[in-house]
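Some notes on the structure that comes next.
So that you can tell them apart, the chains are marked A, B, C, D, E and F in the order they are listed, and the count of residues begins at 1 in each.
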Amino acid sequence: MSSPMLQVVGLSCERDDHDIFHNLSFSLQSGEILQIDGPNGAGKTSLIRILSGLLQSSEGGVYWQGEDIAEDRSAYNKAMLYLGHCTGINPSLTPLENLQWLAAIHTHLDSTLIPSALKSVALEGYEDVPCHQLSAGQNRRVSLARLYMSCATFWLLDEPFTAIDRQGVGMLESQMQRHASRGGCVILTTHHVLPESMCRRTLSLRGNGSYVIN
Amino acid sequence: MSSPMLQVVGLSCERDDHDIFHNLSFSLQSGEILQIDGPNGAGKTSLIRILSGLLQSSEGGVYWQGEDIAEDRSAYNKAMLYLGHCTGINPSLTPLENLQWLAAIHTHLDSTLIPSALKSVALEGYEDVPCHQLSAGQNRRVSLARLYMSCATFWLLDEPFTAIDRQGVGMLESQMQRHASRGGCVILTTHHVLPESMCRRTLSLRGNGSYVIN
Amino acid sequence: MYRELRLAARRIFDWLNPLVFFLLVVCLFPLAVSPEPALLGKIAPGIVWVAALLATLLGMDGLFRSDFEDGSLEQIIVGSQPIALLISAKVLSYWLLTGLPLTLLAPLLALMLSLPVGSYEVLCLSLLIGTPSLCLIGAIGAALVVGLRRGGVLLVLLVLPLYIPILIFGSGAVTASLQGMEATGQLAILGAFLALALPLAPIATAAALRISING
Amino acid sequence: MYRELRLAARRIFDWLNPLVFFLLVVCLFPLAVSPEPALLGKIAPGIVWVAALLATLLGMDGLFRSDFEDGSLEQIIVGSQPIALLISAKVLSYWLLTGLPLTLLAPLLALMLSLPVGSYEVLCLSLLIGTPSLCLIGAIGAALVVGLRRGGVLLVLLVLPLYIPILIFGSGAVTASLQGMEATGQLAILGAFLALALPLAPIATAAALRISING
Amino acid sequence: MYFSSFSDFIHMGGHGLYVWSSYGIAMLVVLWNVVIPLLKRGTVLASLRQRLIRERSHESQA
Amino acid sequence: MVKVVANAKALKKQKMPQWFYQLGSPRWFYELSGKWLPWLGGSAALLLTIGLVWALLFAPADYQQGNSFRIIYLHVPSAFLAQSVYLLMAIAGAIGLIWKMKVAEVVAKCAAPIGASYAFLALVTGAIWGKPTWGAWWVWDARLTSMLILLFLYLGVIALNSAIGDRQMAAKASAILAIVGVINLPIIKYSVDWWNTLHQPASFTLTEKPAMPAEMWVPLLLMVLGFYALFTWTLLTRCRTEILERERRAGWVCDLLSNSQIK
C-alpha cells in the first residue's frame, strides 16, 4: 500500500468549555473523496479549519506526506486549495481581478486558465462586473472557479454547494470526481446528499465528541 | 373565490442595464406556498426584496389585501415576516437577546414564546452563548426560530435552508406546511428539491426575463 | 434602546474607548505644540472642543454598520416600530456612552491644559448641549454611508462641514468666558441647534437609511 | 500590491478622503482656537502633525477589515507567498494613498496657518520620513483588532501611545527650524524609527494576523 | 517622633490636604489590590464548585 | 514516520532546562505559589506598616518642600512598580508566545491591571505633590508624560485582552502589543527627557549613596520593598484564581475543589 497523502493523528478540538471532537484519526489516500457529515454545530467547520492550518487543535497533529503541517507550512500550502465559509472574494473587484489576485498569492493557481474557468462556472459575460453586483450564488461561483484552474493535489472545501443551483451542484460534483480520478484528494463538508455514483468515504461527526468513519 | 392575500401586478425589475424580469404577475391565496425557483442570478433575491418593500421595482405594484404596499407600509409590515440572506442576528448578543430585540421591533413576534422556539430549532442550552461563537447553521437557526414565535400571516423567506442540516430542513418544511394549513401563506426561494408531500406552486424565473408559474 | 445599552455593556471597555481617545488626542497637543502653560491655556478651549468632536465622530462610522452587515437594519425597516424612534434610541444610547462621559471628563483635561478654573463650568455646559447635536447630525451621515466600503472616511467628509457651526459656538462660549465675558449668547445658540436637530435629524436619518438599504 | 492600488483606484474619492480629512481638521483649528496669525504660526507645526497622525489613523481601521470579512485574509494565510511581504505591499500602497499626498499637501496648509516659509522644507521632509512609520506601526494595531467589533476605537487606544515619539520628533523638527535651529537631529531620529519599523513591523503584523484569524 | 502634637500631625505644616489625600488614595489602591483578588477567588471557587456538582449529578444520572 | 516527527519535537523542547518546564506546569506553579503566599503577605504587611509609621511619624520634613515631601513614600514605590511590572508583563508575554507556556500567559494577563493601578497611583500622587511644589497639578514634563503613556499602554493591553473572547487568542494578541510597547518605553523616556524636563532626577542609583539622610531613605526603602512584596502577593493570588479557572477540567483541580477545606 502506498503511504497516505494526509494523515490525521489523535486530533482533539476544544472550544471554550466543551470538546467538539476527541482523538480523531484517519488518513486519506490519493484518489479519495471524504465527506464530513454531521448535524449543525457538530464541528465540521472547526475540523476543516484545523486541517487547513487556520485553527490550532488542542491536541494531535495533521501530517501531509509525512510532514507535520504545523512545522512546515509552505509545502502544504502549495499543495492545498482551501475554500471556506467566506469566499475570499472582494466585493469591489470584478471576478477577473479577484481570480488574478488569488492566482498571485497561490502558486497552484494558473492565471492563464481564468477565462476558461469563468466559463466553466457559467460566469461568462460577468468578467467585468464588480462582485457586489452579483447574486449570492454568482459570488460563490467566482470562488469555485478556482477548482477549474488549480493544480493543487488536495482540496479542502467547506460547504461548497451553498447558494449554488441544482445544475451547478451537479457540475461541481463531476469536477471533484475528475480531480479524484486524476489522483487528487478532496475533503468536503456538505448537508447535500451526494449522488451514489460518487464513490467516497464519509466521516460523520456526532456532535457529542464521537465520530464514525466508513 | 375569496380575494387573494397578495397580488403582484406587472412587476418589472431592472438592475443597471438589463431586465431581471419583466411584467411579472401572480397572486397568492391564503393557505398557499409558493416556491421561487431558478438558476443563480435569475432574480429570486431581487423579487423577494421587492416583495418585502426593501427594493423598489422599476414598474408594477405589490398589493397586500388590496392595498399597495408602497402606500401603506405599516399594515403590511405587521403581517409579514421577512428572512433574508443576512440573518439579522447580532454576533455579540446571545440568541435570547437577539430574539428579544427582534420581538421588540416586530409586533407579530411573541417574546413569551422565545424559549419554546429555541427548543424547536434545537438550540436549547445555547441561550446564553454569544452568537459569534455559534456555527453557521446554528446562527441561521436562531433567525429561523422566528417561524415558531410569529403570528404573521405572510412569510417571505430567502433561502431559509442555507447551512441547515438534513434533519433541520425536514423540520422547517413541516413548520411551513403547518403555517399554510392554518391559513397563512409562504413565499420561499430555495435550490433544494422540496418533498412531493408539500403541496405548493412554483414560480420559475428563467434568467432571461421570462418566467413560468405552475 | 435596551438592546443598544446591553450591546455596549457587553464590552465594558467599549464606553471607555471614546474617553481614552479624547484624553489621548488632548494629550497629543501639548506634546506636539508646546508645553508652556500660558500658550496652552489660550488654545485649550479649541483643543478640547476639536477633540470632543473627533471622539464623537470616530465611533459614528460603526453606528449602523454592524446592523447593516448582519441584516438587523433590514429587519428594522420591515419592522412595525417607527424607524425614527428606534434611531433616536440608538443615538441617545450612543450619546450616553460617548458625549456624556466626555463632558464629565472635560474638567480633568482642562486642568491638564492649564485652562483657568473659572471657565470649567461653561466648558462642561457647552459640551453638554453641543455633543448631542454632534451625535444627531453624525447619525445622518452614518446612515448615508452605511452601505459603502471605507465609508468611514467619507463620513468625515460629509459631516465635518455640518459640525463647524457647533464647533465655533461651542469653543466660542469657552473663549468668551475665558476673557471674562458672558457666554449665554453662544450657549443659547447651541441650545437652538439642539432643539432643531432633536426632532429633525432622526427623520433625515430614517430617510437616509431607507435609501442605503435599497442597494 | 497591484490589487491594493486597483482597489483604491476603484473609488477615486477614496484617496482624496484622507486628504480632505487632513485639510478639514487643520481648518478646524483656526475656527476653534483663534484666527490670529502670530498665535497660529506658533502652533502650526503641532497642528499639522497631529492632523497628519489622525488622518493616517483614520483609515487604518479598514486596512485589513474588509479582507477579514470576505475571507481574503484566510486565503493570504493559506497562500504560498510570505505573509510579511504581502503586508509590506499593503502598507506601502496605503502610504502611497495617504502619507504621500498628505506630505504634498502640507505646504498649502502651512500657508493657511501662517507658518513662516523657511520651515516648509523641514515640515515636508519630516512628514515624508515620519508618515511611513505611522503606517507601519498602525498596521500592527489594525491586525490585532481586525476580528473585533468596534475595533476602530480600540485601535486608536492601542496605537496612539506608540505614535507619540514620532509625533514629538516630527513636530519638534519643525519647531526647531521655526526657531532657526538645525533640525537634522530630529530628522535623523525619525529616520532611525523608520529603519527599525520597516523590517520589524511587517513581521509583528503577520504574527498578529495569524492570531486574529485563529478565532 | 517628628510631630509635637496630633493637630500638627494632621495639619502637616499646611500640606495636610495634599499628604492625606495621597495617602487616602494610596490606601484605596492598595485595598483594591488586596480585596479584588480575594473576592474574585471566592466567586470563581464557588462557581467552579457549582459546576463540578452539576456535572457530577449529570454523570450519575447518565 | 509520524513518530519520528514527534521525537524531533520532543528534542527541540529539551533545549531549555527542566525547571523551566516545571514552572510551565500550572499545577506545580499553583502548589509552589500556595506555599509562598503567606510569607509574602506577611512580609508585605510588616514592611508596609513599619514603613508607613516611620514615613508619617518619624521621618523629618524636607527643608524645602516641608511635609508634602512625605508623598515620596507612596510616589516613588508606585512609580518603580509601574515600570517594572510592565517589563515583567512583556517578558511573560514573550515567553508565552515563544514557548507556549500557559503560566506565562496567566502571569502576563494578571500583571496588567495591577501595573495599571500602580501607574495610576504614581500619577495621582505625583499630581498632588506637584501642586504645592510646582504650583500646578500637571505640567507637560518628561517623566509625567512618559508615565501617562505607560498608563495608556496598560489600558491598551487590558482593553485588548477583554475585547477578545477567546482566552488563548487574547493572551497572544496582548503579548504582541506588550512587546511592541516595551520597545516604546525607553524611547519615550529618553525622547521626552531630552524634550522637556522639570521633574527630579533619580535619587536612588545602584552605584552611589543616596543624597538624602538615612532617616529619610530607609523608610523609603522599606516602602519600596513592601510595595514589591504586596505586588507579588496580588499577582500570585490573581494567577492562582486564573489557573483554577483555566484548568477547571484538569483532574487535580477537580480534586482540589471537592476537597472542601480549600477556601
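Operating definition for what follows: a residue touches a chain if its C-beta (ideal position, glycine included) is under 8 Å from a C-beta of that chain, and two chains touch if they have at least 3 such contacts.
What you are looking at is a predicted structure, and each value in this text was computed from that prediction instead of being measured.
Steps from chain E to chain F, taking the shortest chain of touch contacts, total 1. Using the average of C-alpha coordinates as each chain's centre, E ends up farthest from chain A.
For the self-contact between chain A and chain B, the two sides draw on mostly identical residue numbers; the shared fraction is above half.
The chain pair sharing the most C-beta contacts is C-D.
The chain with its Cα centre farthest from the Cα centre of chain F is B. Between chain B and chain E, the centres computed from C-alpha atoms are 55 Å apart.
Spacing of chain A relative to chain B, judged by their CA centroids, is 30 angstrom.
A straight line joining the Cα centres of chain D and chain E is 43 Å long. Contact with two or more other chains is made by residues 11, 13, 17, 20, 24, 31, 66, 69, 149 of chain C.
Listed for chain E are no residues, as none touches two or more other chains. For chain B, residues that reach two or more other chains under the stated contact definition are 85, 91-92, 130, 133. Taken in their complex, chain C has these residues touching chain D: 11, 13-14, 17-18, 20-21, 24-25, 28-29, 31-34, 39, 42-43, 45-47, 49-50, 53-54, 58-59, 61-62, 66, 69, 149-150, 152-154, 156-157, 160-161, 164, 167-168, 171, 175.
Residues 137, 140-141, 144-145, 147-148, 151, 154, 157-158, 160-162, 164-165, 168-169, 172, 189, 204, 207-208, 211-212, 214-215 of chain D touch chain F in their complex.
Residue ranges of chain A in contact with chain B, taken from their complex: 15-16, 38-41, 44-45, 85, 122, 133-138, 141, 159, 162-169, 191, 193. On the chain A side of its complex with chain D, the touching residues are 52-56, 74, 77-78, 80, 82, 84-93, 97, 100-102, 104-108, 130.
Contacts from chain C toward chain B in the complex involve residues 2-3, 6-7, 10-11, 66-67, 69-72, 74-81, 86, 213-214.
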